[in-house]
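Below, chain A partners chain B and then partners chain C, in two separate complexes.
So, the complex of A and B:
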């Protein structure tokens, strides 16, 4: 589907309507989509497709994925969550996952930022340096 | 053993584990040498992007949600959904004298099979041109060894002289001749132990050319002994459009190193029309808005920022220079097309080559009437200026009169003499390819022509006369030639010696 510049611009406007104090408000997003669909506008599909992409990117930007070789103890999880909230502000969703191939250490990804302190990343860096 | 264990334990105890922050993105689209990457929020313009599998890209489009990247390598290994990361580095190439005599690609990697390049320094491919404070006007000549150029369209060190013409008119040959001439002068100065001579190193940038053509150029340079003073940077037609667009900048970076270190260098861009086409392709693939002839709006800036890097810097800044000889290929002699007019306006002069002249046997096929050097005369040797000062005007007059004479009307003696002189001068300007003429020989030949020594020679025998005169001076009057070269000016004494020698030669000429 071809998404025109105009459609992208309008999708961006819709996305801005959904922001509350700089953060995406889920209820507003739902309402915007419902009402927009109800209007039956001609460019509805490309606009909403791009809107979906913007929402998806926003979700990624506000999601922290914390991976470790073994499950982390609760106290460490709390420390990590607090540190991330301190660095990236409120509205951050955190998800913990277990990845044995990391061997040890932790890998944290928040949007585009990656902090890789895993043993595997260290070994790869060492491999590259040779 | 116990010591070793203790040492390792101590190292572990003192080790500090840090996790450096990285900026990553996901490849959303890949094809035709271009990738769109979602994320990479910290990417900088022209930053190198690690695309995985040892493939590198260059960030050219920074959009709100994605980054447009041109891929510098084999993009067939990349897949949608793959991870890309910023490197924090700009595209860089190795620089230095270690590159002389080598053939390299865009990244400065050797492609001549002669092993790794000895260079420990790198320069960014995109670099800001020297500012007005650092610059000075040209005052030293580039001896091309091509008589019509050295006499009438002189080039100075630090100048940007465009060579423009249709295909097959001898544009590359002029540049190769110039490079061979520099190599000969460099070698002669080295052998003579002349410490005042500033060697001129050459960089030949081949853009979008056939591999066979590049191989031929290299072979000519090797045969002429010019390779030890030359770097060849090649991006042949089989390279991606991104490589072809970037390779002139890589060559310029290599040339800038010489300039920054107080040396002189000459760079040939062969040719910028192909670079503009490659840039158009990259821009269209990146979905940048297109303008005239589908070129992007910044195609002028593409060439201006490249050619502005050629400069002559002041003594305070090392006294180095980078001379640029960009080549533009025209279609059916149309110099008013988009790219030719852009480059004409950027450069300090242009040498027009014409197909008609080429087919008439005038080689190099330079149209002297519309060729011009805006700054080079300031750097021209005084001896050349003395003998060739009137040449351009004389030839212009000759062309007008010759056109008039075509109607078959009777001509007075003076007009006929002017036409005859013009024909003879046109003859002496014909020159074999890859055979640059030393400046002192040029002075002698033009002096002889200007002083009427050729007037009695039939036009078809002018070339023969010139060759014999050259041979005579080279074999018998070596000291006189050396004197011209040393003094760089024709004083009364030198003129008298020249006259005596020419008279002596005239006695032997049959």
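So, the complex of A and C:
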């Protein structure tokens, strides 16, 4: 399926309708999609496909994945969430996960930004240096 | 001769007559014989002796011509011999020159081929050195990689066991500080 420039432009416009104070509002997004489908637009599928991509990108950019070798204490989780909110603003969803293969430390990914302080990352860097 | 005889007879007729009579000379008969002998001599001179002389003259000329030709031939032969010697000498000189040139060319070619062989050998040596250096570098890199892998594996195995809860917290806090930077 080919997504034309016009479809991209309209999908971006729909995406802007879904923003509330610079953040994506899920309810508004559902309403926008329902109404758009109800209009019976001819290029409905390509526009919604691109709209879905934009929403996914937004979700990824506003989701922080925090991985650690061991379970983090609650106070440390709070500190991390505070730091992330300070850096990326409110509306950031955080997800904590335990990954023993990291050996030690923590790995945080927000969109394309990665903060990797794990022992595994250090060892990989050491391995690459050889 | 007859005139001389007649003159002598006229001057001393008496003595001559006496001697002629003593020796039995018959003058008419003697005169006739002299005449006939003269005629024979003239005929012989005209028809035989002169031709023989001409033939002898021709032979003499032929012999002189032959001698002259022989001398001429000898001179030509000498000249030819000298020319032959000169040609041989020139050929010898030229041959020596050609041989020298051939030797010089052979020496030059040998030198060039030697230089080429030396250059080729040098090139082969350089390539061999480069190949050896590359192999050395590659093996060194492989060795480092292997050692690195072993170090990483050993560290991975050991680190997880020796990290305490405080270490884990400290590491996590360090990562958290990276966000604030």
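Assume the second predicted complex is superposed on the first by the 130 of 130 C-alpha atoms of A that agree within 3 Å, B and C clash if a C-alpha of one lies under 4 Å from a C-alpha of the other, contacts with A are read in each partner's own complex, and residues count from 1 in each chain.
By our rule, a residue touches a chain if its C-beta (ideal position, glycine included) is under 8 Å from a C-beta of that chain, and two chains touch if they have at least 3 such contacts.
Remember, predicted model here, so these are calculated numbers, not experimental data.
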Will chain C clash with chain B on chain A after the two structures are superposed, or do they fit? fit
Thinking of the overlay built on chain A, is A:123 touched by chain B (first), by chain C (second), by both, or by neither? second
In the overlay, answer first, second, both or neither for which of chain B and chain C A:72 touches. second
With both complexes overlaid on chain A, does A:111 touch chain B (first), chain C (second), both or neither? first
Chain C, chain A and chain B - angle at the middle CA centre, rounded to the nearest 10 degrees: 20
Partner chain(s) touched by A:87 [first = chain B, second = chain C, both, neither]: second
Is it chain B or chain C that touches the larger share of residues in chain A? C
Enter the shortest inter-chain Cα distance between chain B and chain C once the structures share a common frame, rounded to whole Å. 5
Starting from the residues of chain A touching chain B, keep only those that also touch chain C in the other complex, and list them. 105-106, 108, 115-117
Can you name the residues of chain A that touch chain B in the complex? 53-54, 57, 60, 105-106, 108-109, 111-117, 121
Chain C residues within the chain A interface of the complex: 144-145, 147-149, 151-152, 155-156, 159-160, 163, 165, 167-169, 171-176, 178-180
Touching residues (chain side chain A, partner chain C) in the complex: 68-70, 72-73, 76, 79-80, 83-84, 86-87, 100, 103-108, 115-120, 123-124, 126-127, 129-130
Show which residues of chain B lie in contact with chain A when the two form their complex. 17-25, 38-42, 65, 85
